[in-house]
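You will see two complexes here that share chain A, one where it goes with chain B and one where it goes with chain C.
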Partner chain A sequence: METATHTQSARINPKIIVPFVDSVRRVFATMVGVQTTVQRPHLKALAAPTYDVSSIIGFSGDIVGSVIVSFQKEAAERLASAFAGMSITADMPDFPDAIGELANMIAGGAKKHLGTLASITVPSVVIGSGHVIARLSDVPCIVIPCQTPVGAFAVEISIKQIKPARSNQGGAQ
Partner chain B sequence: METATHTQSARINPKIIVPFVDSVRRVFATMVGVQTTVQRPHLKALAAPTYDVSSIIGFSGDIVGSVIVSFQKEAAERLASAFAGMSITADMPDFPDAIGELANMIAGGAKKHLGTLASITVPSVVIGSGHVIARLSDVPCIVIPCQTPVGAFAVEISIKQIKPARSNQGGAQ
Partner chain C sequence: MRVLLVDDSCTMRNIQKRILNALGNMQFAEAGDGVEALKILFSTPEAFDLVLIDWNMPNMDGHSLVQRIREKDKTTPLIMCTTEAEKARVIDAIKAGVNNYVIKPFTPEMLIERVTTTLSKLKAAA
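Then we have the complex of A and B:
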């Protein structure tokens, strides 16, 4: 649905993106010990597929929507292992907990800098290659592609602010 | 895996289940016009697969966790069509909106009768046969299997109350 380039850039609000980019860098550097290269954010086409393992965090309150952290399967296993300090494969019960916790830290870290009162849910982790996660069509989805030495992942942000920021970040919408 | 029967019954709290059963019946009878047979709720084994199309609603506040409404693909298409009053197939942009809205009405209707202050997120709709949705392992998942003349679906409830119910829904904050 997003076709024109000017529409894309107009819709990518740096006040939303920057806290997530910072949070991804911080979580992966400190908690996983892996260098992450963050690539240029872009708008996602409606219902394009994700990677193989996706952790979904819901937002409610002044911000509504969801944030998905989606990994190539091998990257997910290797990053979960680095995070947990032990070998974790996708068939182990610890796997969704580790992947969910990474997403939780990314979303929780970003939330603090969004300047609004929002709650985040516990993560739901979807495992299955070729799955598609569709959000409600009135909220655009911004993808932050990320590269690590062990594979790719992406942070997909599909949230909208329904009340203005409250803190001294100031400014409406 | 859930083995002992007494553990299962101890964990299936009717105060949580009944509002969802009532809400499913009401939403499908009034909004979809389809008779739904609700079967006996049971605990779900960790990381067992869902059906083909799953709508995830997150809870935060006094209740945390998620509720998933998961459909066989054909049932999802036919129920979405009955709900929207026009033919909808899984490849159409209206499909996740319709499926998400059904889940939103089920969770929203149940929430009113849970007697707590909780927020629910907008739905995320996962499309892909054989996907598995893992929740954090400390919250058990109760499945309410449902049959309709056009196929099966299930409501999977994986929520826990972190504050006691507030009597007449009034209360602080």
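Then we have the complex of A and C:
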């Protein structure tokens, strides 16, 4: 048990966590008008499901992998509505659009502070309770649980740096 | 004022519209990617007073779009509005020919300020 705990904490790298926590808080405070409470990050089991609505952003360049922002359905609807400034339900075309753009801003905002230059893909959105999203098997998945007054979501980070940090990218110098 | 909004998120374009409407008498055109934006820009006889351009979009990204616009058009004011925030990205965008840069997430005040200072700087220089 002790070894497992040790391994878990060793693989949860604050240099990855902190940029995402800051970015989540900034995106929701600035563009949704919602304060986010972040709980203790943990490692995710390989095939554990996410929440009901997930937006996936791929990373390429000096960093590879993916980041998933996954919401409880009701939280997703209410956060998307607050972001868009109009009522949005899960059956509307604006719903995946709003959820995708929130994930884009979270991933993009964190990316600057990862200390290297990576590119992100446009978001894909998956809707359906209990879905499982496959990811790179050699990269641990760190889950950052987040609470808002309108429900829960989680940021699942499964990325690895494949090139050493650059010194001139602005974010992490 | 005639503004072209280029962003693959229609939610983002709606937010930008709502904020920029505060400037009064606005006319908007919209594109979801660079290819659509080029079509609108080069088929519309009347020039736009401003183009707001996202970076991460399908088909043609905002950086390529700025390069393509500047091959033919050196004057239309272009503002990048993106989550891409690295110094290297901002430098690339300026090299490609943007007049200003807004980083997402932004407040309404930030967007208005960036748009008005860009337009008044260009007016003063003209």
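FYI, the second predicted complex is superposed on the first by the 164 of 173 C-alpha atoms of A that agree within 3 Å, B and C clash if a C-alpha of one lies under 4 Å from a C-alpha of the other, contacts with A are read in each partner's own complex, and residues count from 1 in each chain.
Here, a residue touches a chain if its C-beta (ideal position, glycine included) is under 8 Å from a C-beta of that chain, and two chains touch if they have at least 3 such contacts.
Just so it is clear, the model here is predicted, and its values are computed rather than measured.
After overlaying the two complexes on the shared chain, residue contacts for A:56 are found with chain B alone; chain C is out of touch.
Within the superposed three-chain model, A:27 lies in touch with chain C and out of touch with chain B [touch as defined at top]. Once the two complexes are laid over each other on the shared chain, residue contacts for A:117 go to chain C alone; chain B is not touched. After overlaying the two complexes on the shared chain, residue contacts for A:85 are found with chain C alone; chain B is out of touch.
When the two complexes are overlaid on their common chain A, residue A:105 makes contact with chain C while staying clear of chain B.
Using the contact criterion defined above for the overlaid structures, shared-chain residue A:126 touches chain B, although it does not reach chain C.
In the superposed pair of complexes, A:97 makes contact with chain B and with chain C alike.
With both structures placed on the common chain, the touch criterion links A:149 to neither chain B nor chain C.
Judged by the touch definition given at the top, the superposed model places A:68 against chain B, while chain C stays out of reach.
When both complexes are aligned on chain A by C-alpha atoms, chain A residues 97, 100, 120-122 touch chain B in the first and chain C in the second.
Contact residues on chain C toward chain A in their complex (touch as defined above): 8-12, 14-15, 18, 56-58, 82-88, 90, 104-107.
Within the complex, the chain A residues that touch chain C are 26-27, 30-31, 80, 83-86, 94, 97-98, 100-101, 104-105, 107-109, 111-112, 117, 120-122, 168-171. Only residues 46-47, 56-61, 64-66, 68, 93, 95-97, 100, 119-128, 130-137, 139 of chain B touch chain A when the two sit together in their complex.
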